[in-house]
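Below you'll find a set of structures to go through.
Each of the two complexes below includes chain A, the first together with chain B, the second together with chain C.
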Partner chain A sequence: MSSSLLFNVTTIAYFAAMVTFLLYLVSKSDKIALGATVICWVGFLANTAAIGMRWQEAYAMGFEQAPLSNLYESVVFFAWSILLIYLLFDLKYKQRAIGAFVMPFAFFGMIWAQWDLDATIQPLVPALQSNWLTYHVITCFLGYAAFAVACGVSIMYLIKVGKEEKSADESPIGGILGMFPSVKVLDDLNYKAIMVGFPMLSLGIITGAAWANYAWGTYWSWDPKETWSLIVWFIYAAFLHARFTRGWVGRRAAWLSILGFAATIFCYLGVNLVLSGLHSYGGA
Partner chain B sequence: MSKQTSFVDRLWDFFCSVKLTIVILILLATTSIIGTVIQQNLSQQEYMQKLGMSEKTYNLFHSLQFFDMYHSYWFLALMGLFAVNLICCSIKRFPRVWKIVREPVLVADDGMYRTFSNRAEVVTTGSLESVRDKVSKLLTDKFTAPVVTEQDGHFHLFAQKAPYARFGVYVTHLSILIIFVGAMIGNIWGYKAFVNIVEGTFVDAVWGRNGQTPIPLGYEIYCENFEVTFYEGGGRPKDYTSELVVKENGKEVLRKTIEVNDPLQYKGLTFYQASYGQSGTPTYRFRVQERASGETVEVVGQQGKHLAIPGGASLIPLGYASNHMDFGPAAQVSIDAGDHAHGNPFVVLQKFPEFDDRRGGDYIVSLLEAEQGYYTGLSVTKDPGVWVVWIGCFLLVAGSMIAFFMSHRRIWVVIQPLEEGVGVKCGAIAHRNQPAFTLFFDELKKDLNDTLVEK
Partner chain C sequence: MVLQKSQVAVGILVGRATKQTVDLEETFLFSFLTSRRIVSILLGAFIVLLVLGALIPQENSSPLFEVNVWQNNHPLLAKVTQVVGGTKLYTSYPFLVVSGLLLLSTAMCTVQRIGLLRKEELPSIDTDFSVELSPQALEEGYAEVVTYVRHCLRKHGCFAKTESFPVEAIVVVRKGGLGRWGSVLFHFSFLILLIGALASVWTRSEGSFILTEGQSFRGTPAEFVSRQPAALPWYGVGDFEIVLQQFVPQEGQPPTYASKLIFSQEGKEAERLDVRTFQAGSYAGRTFYQKEHGFSPRFLVKTAAGQDLFDGFVALASSFSDDEVRYENVFSIVEGSLKIEGQLFPDAVQKAGQWRSLSPKPNRPVFLARIEQRGVPVFEGPIPLGEALELEGLQISFTELRYWSGLQMVTDLGVPILYAGFFLGCLGLVLRTLISSETFWLKAVPSAETTSLVLYGAAERDQALFAEKFQVLVDELRAGLREMKGDTIRE
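For the complex of A and B:
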């Protein structure tokens, strides 16, 4: 067995879980929801094993490095983090419908990595050979993953609250939306996920700074990646303060959470794919 | 009230407002984008030629300080406002929180009981004292030991958990100020510099970022050896290391082999492996055979030097290539037959020592060894504020964990005689995570009923 086979299993499982969660919303059968959750666990275990094997494969090639060294490896680790945070939230709050809105992030991540990204194991350049890389990437990605969960929950909130306001009478909404957690629970979960993500992102920024200081002697140099992670941090700090002290809940909180996640994705991917393009347009 | 104080009041309220905090956070987030889109700190020529900026745009951006925006006056002012906001808010609110924690309200009045969202009322029988003891024991078992106050013939119980959770916010906010202070210390008393050391030589000063003025060290740093290794196939460098020795008054005090991610620290300065390059001229070792006499010698010398070979002639190394046409290391040489004129240059290959035989010259030259000298490029920093920054970072994480995940929970109970029996009234609040606390309180309510009400 090789890691690439296990990554295929992971991708298929995440796809199956996503579809099964949608089936659950339509069928309203708790058995199907349980099935979807079991598939999530299977995918998560396969994902874990695949990352572990890739680690060994790199060692066998003589590269002593954690499997977090290129875009492919980071995307599959991102999918893994999303599952970890999602499953923890599932264990604690048991709101199964959320799976339908969180699993797509993990699935699309995996399918993108599998189809489009270079999966060859490459050695790290000296600047990246450090344990700080591992701490930094893990903390950042756990933060990003919590923000992904918050974003999924916020989308559900906006869909549900829109419908609720249209149906003027007070009767509870039926159909698929009836399977969503109540708007109050969705709003609370949004906040809880951000409360998990924010300290993780803070740790991610700090470990990044510690590493930069150790490797190059400056803990902060305002490079685009650093700056964007700070922008994300500012947005979620604004979210928390608006909530704590000004009572920003519900719709506004949901939009802010979605904006925060958009900035997160830009920080993760856009800085490398878009800004580096901008920077190179005049170059030779 | 005079006009002046009301202005001061308004200014104070402005700086204390959380609305201001949110506006500043959003402004910092949006303006920070500018510096990630416009490359920072290039020269005017680079902006206009490489990035194709018109002169008008350049002048506009220049006057807005967009080319070094994170150090611009307006960005620093925004940061300053951020700090002032934080300080004012803390000054305004901290005393109240301190009071809540240090001087808790032990006796809740009816008005307070009405505002609690978690409430329970039970009517029971027995003496006031026995009810007090039962409730006290229940609280001690399920929550924490209460403080009992007797007032006007009523017993008042107060119990609280994790009051320090209130300080999490202040620790977090203070930590941000500490990080600012650390950054300022670094900016004022620290510097960044660089220095190149040729293998086998030393320096006793480094160069500031402007590259003009040397900064004396007060000691000497030798680079005894520099090595670079590459991954097989392709030229990705795997590792480069410099063996550095610090000498003070001619005495060795420290020796360390540094590499990327593993710097040398001495007397508040840190020396990082940053770059490397080839330096000076290589040293060669040749074997030369005079074809006529068969006499063979080995000569060693540097590029450009005349190396004496048999027959009164000399060999002159002219140049070195680490990989000549994929045949490996090679030297270009010429021979001065004794008439002080350079002969035609020719190339000899280290990997093929017999190759030169085929040239058919008077001498057969073999390159045995060539050693290219390197210099090591070090970046040097002094940052006395960095520890302050790390303390701030630690407090930031610890403080926000406390602020988010710890909750100050308080329970008040009053036990009073009624016309018939004894009345027990209970109210409780948590400053965070109310839903979880409500679950806990509903349990407590059940236990209270079970303890006090006879079935």
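For the complex of A and C:
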């Protein structure tokens, strides 16, 4: 068995989980929700095993490196991180409907990696040959993943609150939207996810700065990637401050969360693929 | 709903911290910098400048040709963005002013926040949010109930000590008070980072030196090429000695290099350190970075009578272009009135009369020399490694070839402060993220004929989620009390 096969299993499992969560919204069956969660766990375990196996394969080829060295590996790790954060939220808050809005991020990430990206294991470029790589990438991607969960929850919030505002009477909304958590819970979950992602991103930036000082002799170079990560950080810092000091909850918070995730995706992919700079090797 | 004698009501309160006023003597600057509108404007301006800086190639982080291409392709945009520095945005006055004000604002807001937290009271009770779920009759007293409530709270992770809070309160459990200080610590870490950054600007000294394999260096000003005129006094003169034991070029694309250094103090070996490309090494408060490298051929010049005029290594300058690396230098040997100019081909071959190197490895080193004696050209041609050149009255030998390594040495007193700032920031984030302030209290409300017990809860954050958690607790309490008191419980 190879890591490639396990990554295929992961992709299929994530697709199955996404569809099953949608079925849950339609059917309102708790058993189907449980099934979707079980499939998520299967996919997550397959993803974990695949990453571990790829790590082993790299070692067997003589490359002593964590599987975080190129775009392909970062995307599959991003999918893994999304599942990790989502499953932790599921264990704690048991709001299964949000799986329908979070799983697509993981699934489309995996499908892009499998179809379009170069999966060849290559030696790490010298600039990345450091233990700092592991700390920096893991913290950043856990942050990105938490923002993905927050974005999914925010989309749910906007859909639900939009429908609620349109309905004339105050009776509870039925149908698929009836399966969504209440708007207040969605708002809290959005905040909770960002409260997980923000420290992770901060740690990612801090470990990146420490690594840069170790490798290049300077903490900060105003490289486009560094600058965009700071922009993302400021957006989420603004989110938190607006919430605490100005009471920005609900719709405005949800839009800010979606804007933050858009900036995150540009920081992750846009900068590497469009702009040049010290992180340009991440686009390979 | 009217409560009967010895009834227990389980209620829920979701409250918010009451607003506090700041007692600080507010100066204009303080009010200005803590004004939400000003902070919003500064933050917005800062983000806009960052976006511009990320999209416009910057001279500090992009290759010069890329900057020039962008300027040529976008002349109008280049002109317009000159207002904010254009391709030098991060050193422009608008950027420095905005970021400076933002930092000051963060500092002031932190001070303000500390003042607010010190005065913050427990969440106030707002009975509008109180929901009575199921009054249950108790024929006996409530001591047993209280014990049970505390047991349930413990099951939900509320182990905090019992406090005497409002007059009638029996049990008050607060947890997560430390979490509120997490955000203060996080903001405070910015001040530490600012101090660290300023300390770094004022105390950072850096310079570079080269060592040929086997050569030692004692950090004397004569050997040390300073890039900051004020830096030299920092290093003193030779409180330790560095020897380049070996320079190791490593395979890979792009190739990397490592310098094996030996540090000695008072003549005794103290430490061995490998400094590699992208992997610095530290010794005695100095950080060393691998920068350049090249070759040092050893030349021996003798007279016809066998007297040594010169025996030493000459470090050749390395210049890198897209398709080749040139190792060349010009040097003089005063005793022989010689001027030697030449280029080294480490892996030499001659094709069509031209010398070139097949690789940067020293497989077949040849020094292509042009020699003048007393200003008159006397030789022009190759000297392979290990061979000697006979001139009139002189013998010039190319006896050995070694690597030289260029190292950058940095001292920075701001580094420990910056790391302290990083640590405090991380600690603050952990406290803020993991610890959320929650309060539960069981309150007795006695009257002439009845005694009611009401359980309240209040959360600093995530009220909706807390409400769900509280509901679980309430359900447990109701079920537990029904089991405990049996028929005496009324729905």
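Going forward, the second predicted complex is superposed on the first by the 275 of 284 C-alpha atoms of A that agree within 3 Å, B and C clash if a C-alpha of one lies under 4 Å from a C-alpha of the other, contacts with A are read in each partner's own complex, and residues count from 1 in each chain.
We take it that a contact is a pair of C-beta atoms (placed from the backbone, for glycine too) under 8 Å apart; a residue touches a chain by one contact, two chains touch by 3 or more.
Computed from a predicted model, the values in this text were never measured in an experiment.
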When the two structures are superposed on chain A, do chain B and chain C clash or fit side by side?
-> clash
Applying the touch criterion given at the start, work out whether A:Glu164 contacts chain B, chain C, both or neither, answering first, second, both or neither.
-> neither
Could you look at A:Tyr93 and tell me whether it touches chain B, chain C, both or neither (first, second, both, neither)?
-> second
So, does A:Phe234 touch the first partner chain B, the second partner chain C, both, or neither?
-> both
Is A:Glu57 in contact with chain B, with chain C, with both, or with neither (first, second, both, neither)?
-> neither
Chain B and chain C footprints on chain A, overlapping residues = 123, 125-127, 129-130, 188, 195, 198-199, 202-203, 206, 209-210, 213-217, 219, 222, 224, 227-228, 230-231, 234-235, 238, 245-246, 271, 275, 278
Can you check the complex and tell me which residues of chain C touch chain A?
-> 36, 43, 46-47, 50-51, 53-55, 57-58, 60-63, 66, 90, 206, 252, 254-256, 277-280, 287, 289, 408, 410, 415, 418-419, 422, 425-426, 429-430, 432-433, 461-465, 467-468
Given the complex with chain B, which residues does chain A contribute to the contact?
-> 123, 125-127, 129-130, 188, 195, 198-199, 202-203, 206, 209-210, 213-220, 222, 224, 227-228, 230-231, 234-235, 237-238, 241-242, 245-246, 263, 271, 275, 278-279, 281-283
Seen from chain B, its contact residues with chain A in the complex are 18-19, 21-22, 25-26, 28-29, 32-33, 35-37, 39-40, 49-52, 70, 183, 192, 231, 236-240, 259-261, 263, 270, 272, 274, 379-381, 383, 386, 389-390, 393, 396-397, 400-401, 404-405, 435
Per the touch rule above, chain A residues touching chain C in the complex are 93, 123, 125-127, 129-130, 182, 184-185, 187-189, 191-192, 195-196, 198-199, 202-203, 206, 209-210, 213-217, 219, 221-224, 227-228, 230-231, 234-235, 238, 245-246, 271, 275-278
